[in-house]
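Labels A, B, C and D are assigned to the chains in the order they are written; within every chain, residues are numbered from 1.
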Amino acid sequence: MRLSDLLGADVVDAAGEPVGRVTDVRLAQTGPVGAGVLAQFVVESLLVSPRHTGSLFGYERRHDQGPALLRAAVRALHRRAVMIAWDDVDEWDVEGRRVTLTRDHDRHPPEVA
Amino acid sequence: MSGRPVNPRDPAEPGRGGRRMDAALRLLDHQLVDRDGRLCGKVDDLELERRDDGTLVVTAVLTGPGALGPRLPGVLGRATVAVWRRLHGDAEPGASRIPFERVAGIDSAVRLTMSRAEVPTYGLERWARDNVVEKLPGAGNAPE
Amino acid sequence: MKRIFSVALGVLTAIGGFVDIGDLVTNALVGARFGLSLAWVVVVGVLGIVVFAEMSGRVAAITGRATFDLVRERLGPRAGLLNLAGSMAVTGLTFIAEIGGVALALELVSSVHYLLLVPFTGLAVWLVLWRVRFSTLENVFGLLGLALVVFGFAVWQLGPDWGSLLDQATRPSVPGSEGVPTYWYYAVALFGAAMTPYEVFFFSSGGVEEHWTEKDLGTSRLNVFVGFPLGGVLSIFIASSTALVLLPAGIEVDTLGQVGLPVSEALGRVGIAIALLGFFAATFGAACETGLSVGYSVSQYFGWQWGKYVRPRQAALFHVVLLVSTIAGVAVLLTTVDPIKVTEYSVVFSAVALPLTYFPILVVANDPDYMGEKVNGRLANGLGQVYLVLVTLAALAAIPLMLLTKAGQ
Amino acid sequence: MGRRPVRPLRRALAPVVGAALALALAGCISPARTDEQYNAKAVAAVEAASSEVATVHLVVSQRSKRKVTSPYADEVVTASETALDAIEGAFGAVQPPSPLADATYAEVSEVLGNARDAVTHTRFAVRRDDDAAYADLLEELGSAGDDLSALEARLKK
């Protein structure tokens, strides 16, 4: 499996209603840090945006990143973007590029990594 | 390049507990730099592995045409993969894998603990060196 | 002392290196047709290139990433590849125009037909890219390019009515003999000539070549803030000289030989000799810069080792790109296309390609994870946004205006 | 980044290809269907020729005052001669749409021919660096230029 299999995949809730598409994948570091070696990264959550065109260029995550015009434009395009924990993913169909969420999943507003 | 200080506000800098990083923004399509500071490709994709407990772990950096091709659209993407297959000789060469343990640091670039000669995609660069650049006059002693 | 010398050298080369075949031809052409009524565009364009060159230089110094690195990482492989194709088409066109310009300048000196000189010029450019140190290249051609200051002396010697020149420049209006669309077509061309995308590819990659760090920000900014505007002044001098000599005579510029006539009118044979040296240095230097920019950008997209700070054998694919693009450039010129026409189209297409380059720079220059304290301030962001709108407008208007005016006829 | 491979590159490239095609067409000689279009082409040819004659006039006057070297003057004159050839050729290649336009053709080609002759004479003198000839040539070029301007004014009416 590759990251690019996940990026752009359709996200649907348990009832099959579309939530959006995977726009980014947040990784979290686990385990101890070795000498000069990074510890392991695991997928922690998905950034899901109903707009399937265009990256968010990092603007969804922080409120102070300029310039204001670009931030406003990107945020307006992706105003319904949400973060969903990987634990709330019920099933990932790699071939079908579809991520199904659990019935009681939570949607969080995006924030700084 | 090699003497460049590492960004102190780097989210992936060791010493900051529970570091988080957005993969598409901070890793994907970023420059790979070898242990000698030489540039050696891009993070064209990441390999993920599903563990039994359901967690998804990043196991390798994928680089080269085998990883980039599938991300390019239509004919172009298929052609890239086809050419790569032809050059490689294998029927299913796949992407060049750099195990994630060989990643030493992540700032604006992804720094590796290996030499670029060990990166599987170095073949193309080596071919160009041996068959074009070395054949040109003055290749050996050209100034830096 | 050494420090002052190196700072002065940087500023001087920035001035001398600013003008290339696009600026030379477009300014001369516009001066001869519109007087100084389009000089304001040069001012707007120079401020724009200052804003984005400073940003790209700062990003290069802090992060070590040059422009096409940023394009790839922010736009992804697909939009990035489209961007690469567009930017390289324009930069390649400019590269062809510069090599042709060198050959035309040499023809004026040697009376040998320029087509015979093209292969020789291509070889010379490639040898410089292959063998000559980056700093030598920048300093030699930058300093020799200062010979174009002769256009300033020519204007002064012609003893113009300064008040009327200033009036033309500050209260621009479309001359009666020209249509409004033609006026705007050349406005876009001048804008494209001043802001050519290769300048930021080259400037940011040059920063990495010269191992800039945060400490070099001051020097890099001085080069941009002083050198580029003075280079822009040089552009306006070129336009003024043709406005003073060629416009009243009813001469429209379509050869490099005509561009030199105001200088010979004012300063005679010595003047024209210096101008020819300036033509040669400006076009040869820019040929090297555009050639390198093609190599830089392609390599940065794919992540190959690039740059002249390593030996050629350590950046083999980069040098293959340089070799192939030089051969391709020479081949195109040998089809007998008119290099001056190529120049005119290259500056207009530059305008089309501008937003592709400037958008990712603006985004990354604001990314605090990369830039830390050195993110864009209010001024850089204010101007950056204004210019993003301006370059987008120019890009959208360029092709329709080209069709409407039959490329400025 | 719509990362799904749905959008073919072809569609994205369409505007680029279209622009290149339009550009190629813009540079071609288009036919004149009406007398008006033919007249516009005549004006364009005369204007372009004026610019070339004025260029040659300027460089010869500079050469007579030794402000430019002989090779430079030669280069400029030769370039203008070539340009005049091209202007004449391109205008001659356009089919006059009506017998009325034939008169325009005759008039324009005569004046263009005279201009071309004046420039050719100049080239002879410049290559020989025949100082004595420059005064007469400046006059010949001047009158060729005047004829062109007069014709342009008449055509524009």
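The rule is short, and it goes like this: contacts are C-beta pairs under 8 Å (C-beta built on N, C-alpha and C of every residue); 3 or more make two chains touch, one makes a residue touch a chain.
Not measured: the values here are computed from a predicted model.
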Chain pair showing more contacts of the two, A-C and C-D
C-D
Per mean C-alpha coordinates, the chain lying farthest from chain A is D
What's the distance between the Cα centroids of chain A and chain C, rounded to whole Å?
41
Distance between the CA centroids of chain C and chain D (whole Å) is 28
Using mean C-alpha positions as chain centres, tell me how far chain B is from chain D in Å, no decimals.
55
Suppose each chain is reduced to the average of its Cα coordinates; what separation in Å results between chain A and chain B?
23
By residue number and range, which residues of chain D touch two or more other chains?
1-3, 7, 9, 12
When you check chain A against every other chain, which residues touch at least two of them?
4, 7, 55, 57-58
Considering chain B alone, which of its residues make contact with at least two other chains?
11, 24, 26, 28, 70-73, 76
Name, in rising order, each residue of chain C that touches chain D in their complex.
75-76, 78-79, 82, 85-86, 89, 107-111, 245-246, 249-252, 254-255, 257-258, 260-261, 264-265, 268-269, 272, 345, 352, 399, 402-403, 406-407, 409
As the complex stands, chain A meets chain C at residues 55, 57-58, 62, 64-70
Chain B residues touching chain C - in the complex, by the definition given at the top:
1, 3-5, 7-11, 26, 28-32, 38-42, 44, 63, 68, 71-73, 76, 107-109, 116, 124-126, 128-129, 132-134, 136, 138-140, 142-144
In the complex with chain A, residue positions of chain C that touch it:
74-76, 362-363, 366-369, 375-376, 381-382, 384-385, 388
Listed in rising order, chain D residues that touch chain C in their complex are 1-3, 7, 9, 12-13, 16, 19, 22-23, 26-27, 44, 48, 50-51, 54-55, 57-59, 62, 66-69, 71-72, 74-76, 79, 83, 145, 149
